[in-house]
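Dropping a structure here in structure tokens format, bear with me for questions.
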Amino acid sequence: MGLVEQTQAALAELFPEPALPAAPAGEGDQEAPPRQAGVVVTDAARHGSHLDVLCRPDQVVAVARVLDQDGYFLEAISGVDWLDKGQFEVIYDYNRLGDEHCRVTVRALVDRNEPAVPTISGVFPAADWHERETFDFYGIRFQDHPNLIRILLPEDADFHPLRKDYMP
Amino acid sequence: MSGYLSDIVTGGKSLVTGLAITAREFFRPVVTEQYPWEVPTMTPLFRGHIELIGNEETGEPNCVVCGMCQRACPSVCISLDGKKNESGKGKVLTRYILDFTKCSLCGSCVESCNFNALRFSRDYNLASFDKNDFTMDLMKRLEEQNRCKR
Amino acid sequence: METSIWRALLYLVGILAFAGVNAAWLGWCERKGAARIQRRIGPCEAGFAGLLQPLADGLKLMSKQLLVPQGVDGIIFRVAPVLAMIPAITSMVVIPFSENIGARAMELSVLLLFALASIGMIAILLGGWASGNKYAIISAARSVSQNLAYEIPMLLTVITVVLLSGSMNLREIAIDQQGGFWHWNIFRLENGHFLTMWISFIIFFICSVAETNRAPFDMAEAESELVAGFMTEYSSMGFGLFMMGEYLNIVVGACLTATLFLGGWDCPFGKTPGVWWFVLKIYILIFTFIWIRWTYPRTQIYRLLNLSWKILIPFSLVNLLVTAALIKVF
Amino acid sequence: MTVPVHLRHDETFVLNLGPQHPATHGVLRVKLTMDGEYIVKAEPVLGYIHRMHEKMAENGTFAQFMPNTARMDYLHALAFNHGWALVVEKAAGIEVPERAEYIRVITVELNRIASHLLWWAAFLLDLGGFTPLLYAFDDREKIIDLLERVTGSRLTYCYLRFGGVYNDIDDEFVAGTRDFIKRLRGRMPRLYHDLVTHNIILIKRIKDIGFVTAEQCRRYGATGPVARGSGIDYDIRKNEPYSVYPEFDFDVPVFTEGDSMARYMVRMHEMEQSMRIIEQALDKLPGGPVMGKAPKVLKPEAGYYYSAVETARGSLGHRLVCNGDKNPYKLKLRSPTFSNLSLFGEVAEGMLLADALAFMGSLDLVIPEIDR
């Protein structure tokens, strides 16, 4: 069993039901049927990741734990503002150091009015700064983050510049 | 103890080697150029700020006011205006302003131009105490160049 | 040696001139030397080969505002640069430039020199402390521990020389080495002293590099760690005086090395001794200081102390014992 | 060497290292809580040169972002060009002619050598050795002259285009590059290794300083020479090959010690490997065009794209989200030093100030890339 299948199997255990909490916003523009599985294999040559995981915000930590046990590391956390759908999306990019290669994209959708995601900085310390950055740019709150303050913007900034409705 | 002594011996040797190397460099010729007195040759691809290319015979700018450069510019530093050509077809350039303070010399404007109307100048002595000196009127620049040619 | 007012004035002017010229133009030498080692040209615009550069620098420094930041200890802050300069100039008094040129040939001149060198260290400590800057205080603390650590092996090696010459008078020590390089303390052929004395010389030289806070032992300045160390808050001639004091310390260190180990004003071939030989020797030594500075990276404070306590002090102790034994045996 | 001490947490003071400090190479500020010269807590404060490149990407077209990429990592600008070109080519399905791929590899690797040379120079400057800086700049100048010939600029290159490169290389460039490799190989053993690498002062200064374990690298997402100095055999050029890298025979230098010396050695060996790649690429250089067919106005399909390249400092990732428009809907830059720096706080604890700065130098920080 290759690394991709192994990780897929490990992650699939977290998603017993195929039902999904919300329609994946980013794929909404394509007229594809709504996605059924939490974990799908994607074309790495085109999309740059082997596995695509769509989970509820409260599953983010569980996914991180599974990936941590399998020796993955966190590349980045980014936010996306889907303004017309009233949602924020948090994208976690995982990768593995070593010969066998597998990249995992974990996505979670949160309500735009009260964006909150549990922090994974307890699992990956790398997430500390990346979460602060996402908070900085989008105002997404990472619950239980030890030090959720501005990182790149000045500490007295009262705006979140990467929100699509932000006007300087 | 053996590590202690060998550290002293190898360490001392490495220090002497270092001194020998710098001593040799001391007597070798300098490699720097004294800038205002010696000027290095410029590469043909040098990117200065942009300038208009005039027609070989008339000296009028080749520009047809298509606005491609303006749209290609990532930093919005080009503004140009044109008016209808008196002879009927096309447009003539009336104003071409480059705000060089914003320019990042990426060359997108020159690449996007299909009419051989823009090129990079070879000016590199660009320093001023006044910001307004870098809002360049390229039409005026072209006129001056034409005058010099004559 | 009679003391007249004219003689005192002559030496006062002479020493001040020697000190001033060295303090100014050694900066030029350093910059030119560094430039050549790095294959650059160095200062070249002010005057021929940039020789007027020190004047230009001095004028610039003097025309700058002397900033005294809020919260510093005003008196000590102002006194420290002067204190860095004075002991270095005073040390020149006892240095014998040749058999007949020397302001004062004191019996305990070696001791006096070391006493003055310690005052120079106090200047750094006071300057760093009075600045009230965290970098400056770290630098001052480092500087003190460094000077303490290096004075011990330095004195231990000087004792070997004193044992050989039987005198603590620098003039006597130099006179003892006359007659060609085989009489110099570093190569001294008689009684097999050359076996130990070159080690003494190396230890002494390393110590004098450390004592003058020169790279690779410039822990006090360490510009990439402590910004400018104890000089961080100094501007204008306050900074200038520290710099000049540093160069004068190098001159004193070179003079002392030349006198103790290299025969003072003696000609290497046993002929025509004179002040020119002394000057030549000290400038070769100063060039070595510059050469070393521009070759090596800086060491670390605990490596520096390790070098002193674990290598230099044991070696100088053994060296002292062997020298004493050689003297006793022959 | 981290000297084992019992740190007293009651008698500490705060030292602001930066934003203007000689050792931070830019405007990084590190808030150090110190006990004497020992660091009790180190907390990097970022953002002093933050320019919001990600918003600029959203506001312009795909091509208009290309000049910005060079302004982030100004030392390895071509790799940032390459990363952006790759992710957009992936998203829009643009083919690149083979000659252009080879030219990309040659220029990116030349730029990598230049970046490592500058790191070496700056690292030695951190350690108080000024002369090596100028020897390295002498060599780096040659690379910059070569790259100026083909790209038109000296530092912040905007050379790569979607579907190719801006300008073809000529015989003079090829000859000049071969000359340069010969020259650097000739100078490397004496001016770099004899003068510096084997110098006892340097060895004592950086050996056993700043240990980073492989596990720390993984938890903090450190990549590049930092990870390879800790025994992690990971190089995107090998593990996840892009462009024409699979066609070249090169090694990935890995050292297991995890100290500053290991990171130093990784970079020194990488320069040699880059020279090997350039030589092979010059030998195999195919003919043909340097620009492929690319539409004037790019409108990639909606979707999520990720692409990574190996820069001189580690893995640079572009997370691109498109919604079918002619601007990127969202671009996140995963810059290598951002993650590499995040482990500084943990590792620097209990170190002496001077050692921590030597460790920081060995991380090879480029501040505009962290702050973006």
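A, B, C and D are the chain letters, set down in written order, and residue numbers restart from 1 in every chain.
Heads up, the rule we're going with is that a residue touches a chain if its C-beta (ideal position, glycine included) is under 8 Å from a C-beta of that chain, and two chains touch if they have at least 3 such contacts.
Because the structure is a prediction, the values reported are computed rather than measured.
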So which chains are sitting against chain B and chain C at once? D
Chain whose mean Cα position lies farthest from chain C: A
Sorted by contact pairs, first entry is A-D
From the mean C-alpha coordinate of chain A to that of chain D, what's the distance rounded to whole Å? 26
Just the number, please: Cα centre separation of chain A and chain C in whole Å. 64
Report the inter-centroid distance (CA atoms only) between chain C and chain D in whole Å. 43
Would you pick out the residues of chain C that each touch at least 2 other chains? 37-40, 294-296
Multi-chain touching residues of chain B, meaning two or more other chains, are 15, 18, 21-22, 25, 31
At which residue positions does chain A touch at least two other chains? none
Pairs of chains, among all present, that meet the touch criterion: A-D, B-C, B-D, C-D
Touching residues (chain side chain C, partner chain B) in the complex: 33, 35-41, 44, 291-292, 294-296, 310-311
Which residues of chain D touch chain B once you look at their complex with the stated criterion? 56, 60, 63-68, 71, 131, 135, 138, 148-153, 156, 158, 166-167, 190-191, 194-195, 198-201
Show which residues of chain D lie in contact with chain A when the two form their complex. 46-47, 50, 52, 54-55, 58, 87, 90, 93, 217-221, 223, 227, 232-234, 239-240, 301-308, 315, 317, 319, 321, 323-324, 329-330, 332, 334, 338-339, 342-343, 346, 371-372
Spell out the part of chain D that touches chain C in their complex, as residue ranges. 1, 3, 13, 15, 21-23, 37, 124-132, 134-135, 138, 195-196, 199, 201-202, 204-205, 352-355, 357-358
For the chain B and chain D complex, residues of the former touching the latter: 7, 10-12, 14-15, 17-18, 21-22, 25, 31, 43, 45-47, 72-74, 104-108, 111, 120
